[in-house]
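Notes follow the structure.
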Amino acid sequence: MMFAPAPFLLKDASVSQVMTQVCLALIPGIAAYAWLVGPAILVQLVIASLTAVAAEAAMLKLRGKPLAMFLSDGSAIVTAWLIALTFPPLAPWWLVVTGTLFAIVIAKHLYGGLGQNPFNPAMVAFAACIVSFPALMSQWPSVGLQMPLLDQLNVILGLAPRVDALSGATPLDAMKTALKLGEGQIDIAHLLANQDIYGNFAGRGWEWVATGYLLGGLWLWRRKLVTWHAPVAFLAAMVLVSGALWLYQPASFASPVFHLLSGGTMLGAFFIITDPVSGCTTPRGKLIFGFSAGLLAYIIRVFGGYPDGVAFAVLLMNLSAPLIDQLTQPRIFGMKGRQS
Amino acid sequence: MDILLAIAIMALGAVVLGAALGFASIKFKVEGDPLVEKIEAILPQTQCGQCGYPGCKPYAEAIAKGECDINLCPPGGMEGVQRLADLLGREVKALEAEEKPKQVAIIDENTCIGCTLCIQACPVDAIVGAAKQMHTIIAQQCTGCELCLPPCPVECIHMEVIPETLDNWKWKFPVIEIKSAPHDSAPAKEAA
Amino acid sequence: MLNKLFKFYGGVKPPSNKTLSNALPIVQAPLPSRLVVPLHQSIGGMPRPVVQAGERVLKGQLIGQADGWLSAAVHAPTSGTVLEVAMHVRPHVSGLDSLCVVIEPDGQDEWIAHGPPDIATMSPADICNYLQQHGVVGLGGAGFPTHGKLTATPAVPMAELIINAAECEPYITCDDLLMRERADDIVRGIAVFRDMLKPQSVIIGVEDNKPEAIAAMRAAVDAQNEAFSVVAVPTLYPAGGAKQLIRVLTGKEVPGSMRSTADMGVQVFNVGTAYAAWRAIGHGEPLISRIVTLTGNVRQAHNVEALIGTPMNELLQLAQPHPDTDGIIMGGPMMGFLVPNESAPIVKTSNCLIAHSERLFPPKAPEMPCIRCGACARACPHELQPFELYWHARAKDFGKTQQYNIFDCIECGCCSFVCPSRIPLVQYFRFAKSEIWAREREKKAADEAKTRFEFKQFREEREKAEKAEKLAKAAAAQAAKKAAEAAAAAAAAGDAPDAPPADKAPDVAVDPAQAAKKAAIEAAMARAKAQREAAQVKNTDDLTPEQAKAMADIEARRQQAGIAEPATTTETKPE
Amino acid sequence: MSHYIFILVGAVLVNNVVLVKILGLCPFMGVSKKLETAYGMGAATTFVLTLATGSSYIIDHFLLIPFGLEYLRTLSFIVTIAAIVQMTEMVIAKTSPTLQQTLGIYLPLITTNCAVLGVPLINIAYGYNFVESLLFGAGSAIGFSGVLILFAAVRERIEGADVPRHFRGSAIAMITAGLMALAFMGFAGLDKYQ
């Protein structure tokens, strides 16, 4: 007879179900992304996924873990997709591969694999790559540039020259550069009026991607896979600080709407800071985590040296998460209103 | 001249700092060593002397002074070593002797001659009996130190591993269960 | 509903599967071939057996005498012959044995003389004693002796008496059926508790998935003109946990560290306990049977009234288990356990037997790592952080588990139920708890050993000091003697005729000399005595009665064996 | 005013003494196994570092420079720091013997902690005045304590993780420290923004 501990009834839930739902929730954003920049993003998703699965399998084999069980959990795919979605869509293939390898091998498996990594692997990949290859990581396709799949493939595979025309910048980056170069002679209102780059409020088209992520995130929340705490706190921090500075000096600071819908804000709010493994888990902890991440992301993207701050903000909060969790343990049953 | 000046200044500094340190060493003099108590709390109190010290307290004092290693206590086991290492921030070392399961001494009723030698040897007064009467060991109080074994002239004392009962039964560490033939087999315990 | 209901945090809704077994009435189980009655069936002291092998016992006859205040008596479930009093397997997850009385029924089911006591003349203490003697314990799960909850005289006045009839575990319907069929006796039992505890109100909490039971209870309460309120509580596992039910019905949260809910002015009894109490008080019957739900992988799930001590596999046959049954779960599917040995007997706390099969309870998928998703924390009714507890329990960092309040865990299984990684969380917590307990036991033993060691050292020091003192005294006496001799010699030497003061000298000298001699003898005797004492340690002075008894037993055995003559007569000291 | 804030915040985050300047790694790796110890070490180092920057400034400006003895800077700083550390150790021994035991060798090692010596030297290299020096010292100390405490909390969690055998202990701690430094690179350029 086997020894099976109680309970004998189990809810129908599994890690792979969780991961599949996260992937599903990413679909609207990906669809908008593909509509915006063309099929290149799909190519990147495939490259990243293949690399991630291969790296995962290799690491599992090296560590002597059951392959099938862990490969089917889908966590590697989620990491891969997040990497592909945060990297520039026309980044060379090896950049994506390097990032993914770094994420899976170092950030995930050296810590013991699924569920044990203190840092978000996708964000580690992004940070490592932007620090190592700042130029490549800042080359975004000029919006509205529609290239056929073959040309995009050629760029990704390094077969075609990385023409300057291809290499724009994200709205955030472009704005920062413009402000710095302009040395105060150009103001935000003027820049935003420039429809070619900025569209109506965020980068033209990018707001649709952000909206896609938002929809997916709301669905995740409805499915109770994420709680509202971290995303709301993150977005609130973003709105508060950007709103305050925008009201104080509208000429040099962009509006909250712009910040909400550009860069990695929405992706970060719903898919990255909600990662339970590397994030906070207590309700109060999640609020602190989200709020601080929003604040840091804003500070780094506006005042710092990198085009977007979400990745660094998330990593910084990742390393604070264990301490925050310890300090924000909720009162347990029967201990409310008492000295703990 | 410069050199002299430099020496003078350094000497001045030395005197000032030395005076400050001297003052501090008087002001913050530490008496006693509360650390010994913390160490002793970890030790199993078998008083068996296997560490080479006459009892647990002397061993604790020796550890606190840094005179000996933390891996000399076999009854405390690897876990004791681990906890000592945690307390003292020292490296965990393998035990000097091998670890034994917890035991209790049993006196063979029919062989005991009532010589009282074991009673004198027992460090924790766990043996009762009077001269020429059979001695018996109070099992709950026996620490399993084996100190009563050598003095016994008729070798009537032996050690027995404490059996598992409902009182000392423990839940085992969960492991991935291994399925075997179902039904009516022997009491299933996890493959520990 | 007059009562305002409260919510508790967390909880899960597993499929209840109660309709399987609640359609048929309670059936009296036939006499089994033999009964194995464990003596230790409740929390507290182990009852002492008062019968011997070969003895004939009557139904309801005392076979195990309660030992100590927190202990309950055990009785023969039917008339028959005691086969043996020996170690037999107990329905415990360990599969270990404990002392049991094995009875072969004679089929006559002959009651011992019994009848209801005159309750009007009994003081509350008498009633408590009576319940203890009749073996009434909590039938909800833990088996806490009922009189223990009734004797508590808390400083806090009793506000609510709660009768726990929630029965939140899936599959189990024994309380449901009991209430449907025997509501009158239950209400009378509750009235006894009410009279003893004098609470301001009495609330009977029943999960709202048992409308028939609620109706039956209300009818019985009305029929007896009692002011008990029967409250339907929302079906949410574990609403039947004592602390959860208190929270739902009164809004009070009893902290885990509080040992007794009475300190919050609440006392909770299981509905079955109330029934058992009335069987004892109203009919004079000790607790020798209980309602057991037989369900799971069986053809005819139903409830039976089974005698304590009935082997489980024999009892389960009544429900005709399907051939693919591969085990028996005692208790519900959330907190019960697979009995390691299916011939284990029914005990007072066996509320349900579930025939286990892989079809019904598919084997768990392998354990995955924790992804800290927090589902367990959202399900935990005690608002703990199970994933943190798991993380530290797995790393065997027990100090940390205590920091995260592991002892507030009630092992309800909600966390394991929702875990997407299928981690047996409760199992980890049980492991950590029993490790901590074991450590505390060891620590306590170590402390005691230390005290005894220090006392022994102190005693040896004292003995040494006393010896030294005596030696010193002897030496002093010796010196005095010598001085006296010297004086005497001097006196003798100076025994000149022209020395009148010397006349007196011999007298004076003799006295000290004699005194010195006497002192020397005394010292020698004391020395000898001390030596004797040192050589013949006798520490049998302050023994506990048990120890003395054990020694006497052993001596008796020795004499029987003919090895040692009575110690006083001869000296047989081999070399 | 904002200048001082920039020095302080810059020292804590942007030029974090451990993760950006890579100073003081021995206590960072050695005393971060337990959160409790990290608190103690952080407090001790903060105290020593702030005091050391102040006193070394005084020594430099009122003793060494007037007498043209700048070449004795390192020597005299070490001596001063050693004295301060000795004093701190005595105070800790008096107030918390367990902390003293757990800090173990690392407490006297503050003496040779490169952060403690490095920060006063950086102060002089940057030409900071007394207030600036103190702020920079305090900021560095806060930065050191902060990352030490965060690191200890992370390590306590990693302790329970199923890290591959060859990476257990110091190896994974070094990797973690590396990833933390990566995260801190996000602050790069913040202090240049005026």
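Read from first to last, the chains carry the letters A, B, C and D; within each, the first residue is number 1.
Operating definition for what follows: contacts are C-beta pairs under 8 Å (C-beta built on N, C-alpha and C of every residue); 3 or more make two chains touch, one makes a residue touch a chain.
Source: prediction; values computed, not measured.
Judged by contacting C-beta pairs, the busier of the interfaces A-D and C-D is A-D. Centroid distances from subunit D, each centroid being the mean of CA atoms, peak for C.
Separation between the centroids of subunit A and subunit D, computed from CA atoms only, is 33 Å. Subunit A and subunit C have Cα centroids separated by 55 Å. Centre-to-centre separation of subunit A and subunit B, using mean CA positions: 52 Å. Residue positions of subunit B touching 2 or more other chains: 174, 177, 179, 182-184, 188-189. For subunit A, residues touching at least two other chains, in rising order: 1-5, 112-113, 116. Looking at subunit C, residues 326-327, 338, 340, 363-364, 366, 369, 424, 427 sit in touch with two or more other chains.
Remark: subunit D residues 157, 159-160, 162 touch subunit C in the complex. Residue ranges on subunit C touching subunit B, taken from their complex, read 40, 89-90, 92, 94-96, 98, 326-327, 338, 340-342, 363-364, 366-367, 424, 427-428, 430-431, 433-435, 437-438, 441-443, 445-450, 452-453, 455-456, 535-540, 543, 547, 550-551, 554-555, 557-558, 561, 563-564, 567, 571-574. Residues of subunit D that touch subunit B in their complex: 33-34, 37, 59, 63, 67-69, 72, 75-76, 79-80, 83, 86-87, 90-91, 93-94, 97-98, 101-104. Considering their complex, residues 62-63, 106-107, 109-113, 116, 118-119, 124, 127-128, 131, 296, 299-300, 303-306, 309, 311-313, 315-316, 318-320, 322-323, 326 of subunit A touch subunit D. Remark: subunit C residues 8-9, 12, 14-15, 170, 243, 247, 253-258, 326-327, 329, 331, 333-338, 340, 354, 356, 361, 363-366, 368-375, 377, 381-385, 387-388, 404-405, 408, 413, 416-422, 424, 426-427 touch subunit A in the complex.
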